[in-house]
Amino acid sequence: MPKFTSPKLAREVVVRDPVHGYIHLETQVVLDVVRSKEFQRMRRIKQLGPTAFVFPGATHTRFEHNLGVYELARRISNLFTDKYPSQVPGDGLWNSDENLLVQCAGLLHDIGHGPYSHTFEHLFGTNHEKIGQMIITDPSTEVNQALRQVSPSFPEAVASVIAKTYNNPQVVKMISSQADADRMDYLLRDAYFTGASYGEFDLDRVFRVIRPYKDGICFTANGMHAVEDYIVSRYQMYQQIYYHRVNRSMEVILHHLLERAQLLYQKGELEVTPSLAHFLAGDWTLDDYLKMDDGVMETNFSMWTQSKDPILADLASRYLFRKPLASVKIDEESKGLIPKLKRLIKQAGFNPDYYTDVNSAYDEPYDAYKPTGKNANSQIEIMQDDGSLIELSHLSPLVKALNGTLQGDERFFFPTAMLSRGDETQLFDAIYEEFQKYIKNGSLHYLRRPSKKNK
Amino acid sequence: MPKFTSPKLAREVVVRDPVHGYIHLETQVVLDVVRSKEFQRMRRIKQLGPTAFVFPGATHTRFEHNLGVYELARRISNLFTDKYPSQVPGDGLWNSDENLLVQCAGLLHDIGHGPYSHTFEHLFGTNHEKIGQMIITDPSTEVNQALRQVSPSFPEAVASVIAKTYNNPQVVKMISSQADADRMDYLLRDAYFTGASYGEFDLDRVFRVIRPYKDGICFTANGMHAVEDYIVSRYQMYQQIYYHRVNRSMEVILHHLLERAQLLYQKGELEVTPSLAHFLAGDWTLDDYLKMDDGVMETNFSMWTQSKDPILADLASRYLFRKPLASVKIDEESKGLIPKLKRLIKQAGFNPDYYTDVNSAYDEPYDAYKPTGKNANSQIEIMQDDGSLIELSHLSPLVKALNGTLQGDERFFFPTAMLSRGDETQLFDAIYEEFQKYIKNGSLHYLRRPSKKNK
Amino acid sequence: MPKFTSPKLAREVVVRDPVHGYIHLETQVVLDVVRSKEFQRMRRIKQLGPTAFVFPGATHTRFEHNLGVYELARRISNLFTDKYPSQVPGDGLWNSDENLLVQCAGLLHDIGHGPYSHTFEHLFGTNHEKIGQMIITDPSTEVNQALRQVSPSFPEAVASVIAKTYNNPQVVKMISSQADADRMDYLLRDAYFTGASYGEFDLDRVFRVIRPYKDGICFTANGMHAVEDYIVSRYQMYQQIYYHRVNRSMEVILHHLLERAQLLYQKGELEVTPSLAHFLAGDWTLDDYLKMDDGVMETNFSMWTQSKDPILADLASRYLFRKPLASVKIDEESKGLIPKLKRLIKQAGFNPDYYTDVNSAYDEPYDAYKPTGKNANSQIEIMQDDGSLIELSHLSPLVKALNGTLQGDERFFFPTAMLSRGDETQLFDAIYEEFQKYIKNGSLHYLRRPSKKNK
Amino acid sequence: MPKFTSPKLAREVVVRDPVHGYIHLETQVVLDVVRSKEFQRMRRIKQLGPTAFVFPGATHTRFEHNLGVYELARRISNLFTDKYPSQVPGDGLWNSDENLLVQCAGLLHDIGHGPYSHTFEHLFGTNHEKIGQMIITDPSTEVNQALRQVSPSFPEAVASVIAKTYNNPQVVKMISSQADADRMDYLLRDAYFTGASYGEFDLDRVFRVIRPYKDGICFTANGMHAVEDYIVSRYQMYQQIYYHRVNRSMEVILHHLLERAQLLYQKGELEVTPSLAHFLAGDWTLDDYLKMDDGVMETNFSMWTQSKDPILADLASRYLFRKPLASVKIDEESKGLIPKLKRLIKQAGFNPDYYTDVNSAYDEPYDAYKPTGKNANSQIEIMQDDGSLIELSHLSPLVKALNGTLQGDERFFFPTAMLSRGDETQLFDAIYEEFQKYIKNGSLHYLRRPSKKNK
C-alpha cells in the first residue's frame, strides 16, 4: 500500500465551528477539496432537511457536518498515532500512513448528498452513495483534481474507504460503524443546532478510551459507560428529533408534492427550472445533480404555489409555509381502520392519495450481531486489561435492552381539518365527529370499551 | 389608549430554541402571526447573509431571530408586570396593558427584511422598514389578518411601535434602543451560531436589573457591570464577526454581481427568474418582494455561472463557491495609492470596476448623546437608590472609552491573484511584485523607510 | 389545614448559583432560615464527602444543595400555581396555599446531615433524619425560631413533609420520590462540580411536562423521553461517580480510622477535640452535633497523624493525604478466596482488620413497584391525553431494563502494596506474586483455565 | 543549562476537571509531586477564602488551581514545541528542553499558600512566596524528594522560575506575567465556580494566537481581540467578585477576630489548638505552617464562639455564621466624616476598633509600562506579520482605557445595626437616624444640598 501524503500548509487554516471549536485544515489537499465547487455546494443543503420546520435552529448544512467528520477523523488518527503507533504490521495498532486517507474519507463521506436525499432517491432513482463515488473518481470534478495531487490512485483509495472495500478495517470503521466519526459528529451537531441537550455525550471521554485493534476500532474497559451514554444519546435523538411526527409529516407532504409534479410534468403542465426538469424527465447528468440544492427546490415550490393545479399549488404552499398534516399512531390491528378513515377524508373534500399516508420510522439503536447490511459486523467491543474483547451489550444493561430492537412507531397522516370541532359552516361536522371517534390518546383504536391496559 | 388582548391558548405552543430554551407562544394572535405566509417566509432568509461563508455555523435565519425578540419582549414585559406594575398613570412604572403590543412589535420588527437586505436596498431602492410597515398594515397580508383579530387598530399600533412613533417610550425602547430586545437577541444568537463566545453576556443578570422609568427602560445601580459587559460584547461582535474582512469581501462581490446583472438586464442579455426580473426592471410589487429569498437569489446566481458574459459568470461563481477578494487596510493618506493599484490590477487582466472596491465598516459601539438618528435619545441610564439616573459612560471606564467613537476600518478589496508569488507562467510576476511593495502588515503604505511607530 | 404565609421581602434577596442561575429568597421566613446558625453550618459539610478525592471539583457543600432544592421547589410550586391551580378540593390540581410549606421543606430536607454522615451514623448511632426533625422542631434552634414566625404549628408541618407523614401527597412527593426536587438538584449539581456531563438532563423540559395529580406528581405524555433521560442520568451518576472504587476506598479508610480511634479512646489513648470526644464517649447532645463539620474531623485526623499508635497514625495520614486502598471486583463464588488473601496480606505486614474490607455498592435506578421502604409508592406515572396514567417502565425500554434491578458491584479492598512487582528489598515479592495470581481484568478469580465467557 | 526529564508514565494518569476537561499527569515526577503531603494539603485551602460566603459555589481549592496552571503550562509548552521549535539558540523560539521545568513551576507556583493567606501574612508575618521556596528546596519535604528524582539541581531551578530569577524569560513569563497560565486558570476557574459568566474568555482562541518571542510570550496580530477580551474579563472579575463588598466585609471581620485572638493569647486568655498557637506565639516552624488549613482555623473559631470574651465570641460567630458588616463608599473628602461616625457607632454600643474599618480595593487591570514591582516588564505585545511588536494598549481602545488606571473603591465598614429603622426598643433610634443622614446612594456624603452630579 503506498503512503499518501500532502504538504502541510505553511500557515494552517482554521474554521471556527461551534461544535468542535476549530476545524484544522492542515494540508494542501484538504484545503483544496474544501475549496472545490462540489464541496462548497453543500453549504446550500441542510443536514436535516425539513427538521428545521420543527426545530428552527436546525438550519445547519452538510458542509459543516462533512468538515466535522473530517475534524474528528483527524483528531482520532492523530491520537492513535501518538498513543497506539504500530511497530510491526499486523500488531493491531495504528499505522500513521493511513492518516491522510482516513481524513479525506471523512471529509468526503457525504459528498454525494443532494437536497432532501431520501425523498429524491425514492422518486428519481438517484443514489447518493454512487454519486459520491463519481464525484470523487470522475476526473472532471474539482474534488478529483484536488485529490489527484496526492497520487493518481488516491481518489480510488478514498472512494474505497467510503465504499467499505478498503482492506484496513480500522480505516473503514473510523468512518462507518456503530461508533464512527460520522455518527459522533452528527449527534453532537444536530443536538447543538436543535437545542436538544439529550443528544450530547462526552466526546472528551470517548477520545480517552477509543483505540485501534486488529479488526477495527474498540474502547478500553474503563470507557464502557462513556460508550453506553453515546448509544443512549443516539437512541434519544432518533426518537425525539429525527422521528418527530411533524418532521415526518413535512416529508410526507414533500413526497406527495414531487409525485404530483412528476405527473403534471408528464402531462406537460408544469412550470419548472431547467435543472429540476431533467430529474422529472429522467435524463439527468452529474452536472444537473450538482446544481440541485435546497434553494432551487424551494424556488420551484414557490412557482408552483401559483399553479392552476389546485393539489400542486396547495401542497407547495403547505410545504413552503409549514402547514403539516396531523397524525395518529397505528399498529397492525388498527391499520384495518385506514380504508374507512380514507373514505371519511374523501367525503370531507381531500384526495386521499395526496393528503394521507402511512409512514413508519423505526431505528435499531444498536445491534450486537449484524452479519450483513449497512452496519455489518460493526458491533462495539470493549477491550479488557488482558486484551480480550467483550461486546458492549454484555456489559451494559441499557445497551442490552436496546440491542437488536426496533424503536419508533408507525403513523397515519391526514389533514388537520379532520380534527376540527364546531366549524363555522358546520358543513363537515358530522364527518369530523365520526372520524375523531377512532382516536384516543394519540392512537388509532377500534370502537370498543377502552381496555384497562395499565393499573 | 385601548387595551389590546388576545385569548390565551388552551394549550400553550412552545418552540425549542437553542438560545432561549423555549419560545412560548401563549396567545392566539401570536400563533397566527407566526403561522402566516409572510412570517414563515423568513425561514428562507439567513440572519447574517454571507457571514456563513466565514463562520459556517451562521446559517440561522430571520425567523428564529424574530421569535427570539418576541420571547425577550415577552419575558421583560412579564417581569415588569410582576415587579414594577404601574399604580397611577405617569408613575414611571409598567402598564401591563402594553404587554401584547410590545410582544407583537418584537415579533414583527424585522418582517420587512428580504435576502441580502443591505445590498438589495442599495441597488433596487427597496426599504425594509417601509415594507415592514406595509406587511403589517396592508389588509391583504396574513400578518395583518392575524393582527386584526385583536382590534382593527392593532396593526397600526404595532407598526407605530416599530416606527418609534408610538407614544409610550417604554414600549418603543424595549424594541429599539441601545439596550433593546432586538440587540440582546441577535448578539446571543449570532454568538451561538458562529461559535463566538465573546458575544455572550449574562442575560439572567441583565433581567435582574432592567426596569422601566418614565422615559423608557433603564437599569438599577447594582447592574452597571452587567450592562457594561453587554456593551463590550456588542463591540466585540462588530469588530470580529460583522466586520470580518472576508464577510465584507463577499458583500463586495455580491454588490458587483448584481450591478453587472442590472447592466446586462437593461441590455436584454440576462436570464433571470420572473420574481427577480421585476426588481431589475424596477417594477416590483409587495407580492414580488415576498417571493424573494436566499434560495431564489442563489438559483439565479447558479444560472448566471453559465452566462456568456465572463464577468457575470465569474462573479456568480465566486459568490456561490466562496472565492473572496483579498483586502488591505487603508487610511486617508494611503488612499492616494489606490488609482495606482487599480492600474496594476487592470494590467494583470481584471476590470477594476468589478474586481476592486473600497469598503468602510465603522460602528459606534455606544453613544451617550444622540439627539437625532436611528438610536436618538437612547443612551443607557443607571438608576441610583434614590431614583436619580446616571448615564452609563459616567460609571464605566470601558463604555467611556467607546462612547461616541467609531470602531472599525476601511479596506481596499482586490483579486487575491495580486498577492501571488512565483506564478508558473511568470506572465504577471513583475506586476504582482510591484503591487505587493505597497503592502505591509496588512495595510497599504507609501514606499518609504518604515517609521518606528512603536517601541 | 391553615394557610401558611410569610411577608414577601420588600427587596428580594438573590444568591448566584452556577447550577440554577439565581436562587430567589423571596420571603422573610426563608431568608431567616438561611441566615440561621444551623443552616450556615452546612457550608462546612461537603455534599459528597470523600468524592472530592477522585473528582477534585466536587468541593460543593450541603449548603448549596439545600438552597438548590428550595429553588426547584419554589419554581415547581409557582409553575403549578400558574398552570394547574386547584378549583375545588380534591380535583387533583395544586393548591397554592402549600407553596411556602413545600419551599421550606425543600430548604430543610437535609438539615440533619453532619460530616461523613454515612460513616458517622454507622459508628456513632446518629441519625440524620431524626436530628433534622429536632433541628426543625426544637425551640432552641434558630431554624425553629425562624419558622415559628409563620405560625406555631409551621415547624411541625415542615417536619411532617420531610418525614412523609404530611397528608397531601403532592407536597410530600415534590420533596421525596423517584423524581423529586432533591434528586433533580443533586444530579445536576454533582454533575456540574465533578465535571461529569452525563449527569446532566434537560431540566427546562422536565419543567414543561411535570404536573400534579391526585396522588402526587406526574408527567404529561409528551414528556416521557425527558423523564427517561433523567432516570438514565441518575443511573450513570451512581455507576460512575457515587460508586467510584477510589471514592469507596476512601470511605473504607475513614471507617477503619474512626473504628481505631474509638478503640483507643476507650483505652484512654486518644488525643481528640472536645466536640468529637462526646461521640466517641457516646454522650453527645444536639449542640455537639451542630459543632461537627468536615474541618473539625480533619483537624482531629491531623493530630492523629502524630499518634503513637501506628495504625491510627497511618490511617489518618492515608485519609488526609489520599492514599487509597486498591480493590478488585468479587462475586459470590470468588468471595471464597478472601480468607486466603487476608492471610497473604497479613504475611506482608498489614493488619487485615484495618487494611482490608468488603464493600458492596448497589443502587436500584428505578422501581415501578415499591409498597414499602424509603421510596415507597413513588413510581413515575405518565399522564395520557385522557387523564389516565401509565407507569414509566411500560413506555420506556431503557427504564424497563433498569426497573427493579440492582446496578453496581461488590469489591474487596486491600493495600496497593500487594500489587507491587519487583520491590527493591524483594522481601515480600513471593507473597505479592502469589496474591496477584488471583486477579484478572480487575476481578478476583479462582485459579483455572480462563473460561471463554464471550465470543 | 541541563536538560530536565522524567520518565513518561506507562499509563498516563488523568484527573477530571470541570474547567479543562482533563488534567494529564504524564510524567513520574509530576505524579509524585501531586501525591506529596504538601500538595495534597492544598485540598483543604479554598482558592478564594471567604468569597464562598457571597458566591456559595466558590468552594474550589488551591489544589485544583495548581493542577489547572500545570495543565495550561503543559498545553502551551507542547503547543510551542509543535509550532515554534527553536532551531538555534537565541532565535526567539521555544526550546522543548524547558517543558518539564515550566510544567513543574506551574504546578508548584502557589504551594506556599496557607489558609486566608492575605490576613495571615499581615498578622503573623508569614510570606507565602518564601514558604513556597522552602517547600520546594528543603530536603525534608515530599515535594523536594519528588523533584530530586529529575536531578539534584531541579528543585532550585523550579524555585528560580517561580522567583522570576530563572534566565529564560519565556519560561518565567509563561508562569508570571500579565497574560500567564496562572491568571488564565484562575479567571476561568473562579468564573466557573462562582457562576460569573463574565469571567470567561475564549481560551481556545488565546491558544491559537499565543507564541514565544525573544523576551517572553506574545500574541499574533489576528489575536488582538482575544487578548483584549481576556483583559476585560479580568477587570470584570476583580470588580464583581474579588472586590465584592460582602467578601471584603468578611475579610475585615476575620482580621479583627485574629487581632483579638492575638491580644487574648498574649494575656493567656485564649483556648487554641497547638498548631495555631505557634503563630500567635510567633514561634512557628514550616511543619506548623503545613498543618494549617481552613478546617483548623474554623475549628478554633468554633471554640472561640464559647469564649468569655464577648468581642472574640461575637466576631467568631459573625465569621462562622456569616454576619457581615455593612459598608459605604468613601472618598478623600468624605473620609473626614469617619471620626464622627465612629463616635455614633460607639454610642450605639460597638467598639469601633473591632466593628469598623476602612478598606480599599484597587486593581490595575493592565499596565503597559511597569519597570518595577510584581508584574515588572510584563506588558502584552502583539506581533505583526513582519515580526515587529506593538504593545496591546496601542491597538485596543478598551485596554487603552484601563491601562495604568486603578479600578475599585474604598469603603467604610460598620455594624448593619446602624442602618436599622424603627427598632422595637427605640433605644438607639436617634443615633441610627443621625448616622443614616450621611449616606446617600451607597456613599458617604457631608450634609448639604445634593449636588447635580449628572444631567
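Before moving on, here are some points about what is shown:
Chains here go by letter, A, B, C and D, matching the order in which they are written, and residues are numbered from 1 within each.
Everything that follows uses one rule, which is that a contact is a pair of C-beta atoms (placed from the backbone, for glycine too) under 8 Å apart; a residue touches a chain by one contact, two chains touch by 3 or more.
The model shown is predicted, which means the values in this text are computed figures rather than measured ones.
Annotation: B-D is the more contact-rich of the chain pairs B-D and B-C, by number of C-beta pairs in contact. The chain with its Cα centre farthest from the Cα centre of chain D is A. Chain C has its Cα centroid 50 Å from the Cα centroid of chain B.
Computed centre separation for the pair chain A/chain B is 32 angstrom, with centres defined by C-alpha atoms.
Here the CA centre of chain B is 42 Å from the CA centre of chain D.
Touching two or more other chains at once are residues 21, 196 of chain B. Chain B makes touch with chain A in their complex at residues 15-19, 21, 35, 37, 40-41, 43-44, 46, 52-53, 55-57, 59-61, 63-64, 67, 192-196, 273, 275, 291, 293-299, 302, 317, 320-323.
Contacts from chain D toward chain B in the complex involve residues 196-198, 200-202, 221, 225-226, 228-229, 232, 235-236, 239-240, 384-386, 388-391, 394, 397-398, 400-402, 405, 407, 440-442, 453-455. Against chain B, the residues of chain C that register as touching in their complex are 14, 21-22, 204, 208.
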